[in-house]
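Next up is a structure, given as structure tokens.
Read from first to last, the chains carry the letters A, B, C and D; within each, the first residue is number 1.
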Amino acid sequence: MHLGLWVVVLSLFWLLLSGYMQPMLLSFGAISVLLVVLVIKRMANVDQELKQVDFRLSIFRYLPWLLKEIMSSSFHVTKLIWSSPKDLSPTLAKISLKNIPKEKRVLYANSITLTPGTLSLDINKHEITVHALEAASVDELNEGAMERKIAGLWPKKGEEK
Amino acid sequence: MTAVLAAVCIAILVIMALALTRAMKAPTVYDRILGVNMFGTKTVLFIAVVGYLMGRPEFLDIAIVYALINFIGMVAVLRYFEYTAPID
Amino acid sequence: MAVLIDLVLLSMLAITALRVIFLKDLFAVVMLFGIYSLLSALIFVNLDAVDVAFTEAAVGAGISTVLMLSTLALTGRTEKENKRSSVLPLLVVIATGAALIYGTLDMPPFGAADNPIHQHVAPRYIEESPKEVGLPNLVTSVLASYRGFDTFGETVVVFSAMVGVLSLLGAARRRENSDDAAVIVAGFKGHKVLRVVAKLIIPLIILFALYVQFHGDFGPGGGFQAGVIAAAAFILYALVFSLSHAMQVVSPKFLQLLASLGVLLYASVGIYSMLKGGHFLDYNKLAADPLVGQHFGILIIELGVGIAVFAVMLSIFYAFAHQVERSTIK
Amino acid sequence: MLVLDIVSSILLMTGIFFGFSGAVGLFRFPDFFTRVHAASITDSIAVILIIAGLLLQTSFDLNTAKLMFILMFLMITSPTASHALAKSARHGGLLTLGESKQQQKQQKEQMQQQEAGQ
């Protein structure tokens, strides 16, 4: 994530938290944002991972879809809880990551965990290990609706072929 | 509306009690952590709802602190396992 | 309604406490202590003591869990079997308890409206502080202005806690050869999701801490809470990205400097007000208008408290974590 | 105003229903990994619905923003915590239901083979 974007995000965060528009508090806000950006820069120098966090506003196009997904799978898992929890058939599966660019993989893994019924257990360069309550949810993931949604969120620079 | 909020408060307390029971009588140590984590997130909700119930939305600041601190606690617990293997 | 919630929370608190006493697995004890402090903070919220709840949230559920876990990593996880008979300790406890209860018999009835504290002290704070100190948050006025001496004492206590821990455990030093550190780093490198999320959330935590620092005059919060939350952010960084990384971002030496700077900042406000012809920590003398003086004084001493608490908490964590790493490497 | 109140009550109640179901699932599900799924219901849908219900109670000011922040933080941290916990459990050697059944079966077979050998 770019430092400039951080400045915008942090300033917005401050203004919404504080809500005071007096010059003194605004200047405190400016100092605070500067301080935090300094810390971000120092941390990035140490661990070299600034680029790993990629955040774009287009993520908001994805959220409604995710919400719908969470809704439907929650209903499903709730039904399982109240009906027959003893005869579940939990499965482990590996989902390929080759269509997901590097910086969106964490979003993908967390989306999988966030939808009840599927849980990302492990993630490496090529695949995510997913634990699912039912085999059907793994098939759904393999069909790739979520994958396509996430991959299509924003084009990667230099990769538009 | 107050009645609804009060009911929600009580209901969250019930959920918290269930999570607490899980944390106390846990088959594995991971279940215990799961219970504690769930207790933490429900605490955040509880504070937010109580804030509205008592007409004190400043409580939201505390809820934010909880949402953040709970996560740090979880990470510390998992980090602890790096050094010592779980027993049960 | 509030009474009912209080009762439920208190009974949950009591059950947790009882369970803690009988558990031998100290790790489980730490987890339940986390719940214990969450519950007590909820009770504070319910009693409308927002500032206290804030502190309990940050210190009880956050920092103390982390510190207790690092102690456990040093000492081991199960409680030692106590072979000695517990009759004598029980007698001592019963005698002390009885003496304490006897002592409370002389005290005014708990919570009664005509207690002395509700006659003189509290009404004065409530009525006069808007005129004398002029802050919207009464708790901050009391803590930072009326009880400025106490708060100064507390800050010094926090500082001496750091001195104590560092002299017992040894100050953590930045390791130059990072070979053995790599062993530790490898363990958490696999948690990719955690690393990215931590990276995203740490700046927000630090900014939130700064918000708490500067808005202590208006709402719940202040230097103490802010310092703890900021320290928690760096602890998260150390937990996820390894201690040596964190030490490169904020070095232990710098922290020790910061801790003393915080205490000195507080003290210097007091001395400055003495030079201006007032008493120690007499903020009224800081500016021509006493209210402005109060405002400045509180702002600066809160900053001092925040800096000191932040530095002390992080140093203590460094000292523990450093010791843990050393003991696991060898 | 009344419509908002009704909608918000419905949201809150549904949220509570899901939260309660998840908490019950914490006891009814057979092993740790399935229980994480149950907990994730209370962490995702219940949180979303309850905060959405509270959002309708605000007068769309700073408190709205703060509630959004809480929602955002929980949506980021709780799946991360679940994932990290499940991952640690797996690396710590906890088996999933299918695997442990398989292991038991194998052990049984080995025992039978040994008995047959004797």
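FYI, a contact is a pair of C-beta atoms (placed from the backbone, for glycine too) under 8 Å apart; a residue touches a chain by one contact, two chains touch by 3 or more.
If you're wondering where the values come from, they're calculated on a predicted model, not measured in any experiment.
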Pair exhibiting more inter-chain C-beta contacts, C-D or A-D: A-D
Identity of the most central chain, Cα criterion: B
Subunit A and subunit C: spacing of chain centres that average the CA atoms, whole Å: 32
Centroid distance [mean C-alpha coordinates] between subunit B and subunit A, Å: 22
Euclidean distance of C-alpha centroids - subunit A vs subunit D, Å: 17
Multi-chain contact sites of subunit A, meaning residues that touch two or more partners: 13, 17, 109-110, 120, 122
Set of subunit D residues in contact with two or more other chains: 22, 24, 36, 66, 69, 73, 76-78, 80, 82-84, 87
For subunit B, residues that touch 2 or more chains besides their own: 33, 61, 64, 68, 70-71, 75, 78, 86
Residues of subunit C defined as touching subunit A within the complex: 190, 192-193, 195-197, 199-200, 202-204, 206-208, 210-211, 214-215, 218, 237, 241, 245, 248-249
Footprint of subunit C on subunit A - complex, ascending: 1, 6, 10, 13-14, 17-18, 20, 25, 28-29, 32-33, 35-37, 39-40, 42-43, 46-47, 49-50, 52-53, 55, 105-106, 109-110, 120, 122-123
Complex interface listing, subunit A residues touching subunit D: 13, 16-17, 19, 67, 70-71, 74, 77-78, 80-82, 85-86, 88-92, 109-111, 113-122, 129, 131, 133
Interfacial residue positions of subunit B with respect to subunit D in the complex: 1, 4-5, 7-8, 11-12, 14-15, 18-19, 21-22, 27-28, 30-31, 33-35, 37-38, 41-42, 44-45, 48-49, 52, 57, 60-61, 63-64, 67-68, 70-71, 74-75, 78, 81, 85-86
Of all residues in subunit C, those that touch subunit B in their complex: 1-2, 4-5, 8-9, 12, 15-16, 19, 25, 27-28, 31-32, 34-35, 38, 41-42, 45-46, 48, 50, 53-54, 57-58, 61-62, 65-66, 69-70, 72-73, 77-78, 184, 187-188, 191, 194, 198, 201, 204-205, 208, 212, 219-221, 225, 229, 232-233, 235-236, 239-240, 324, 328
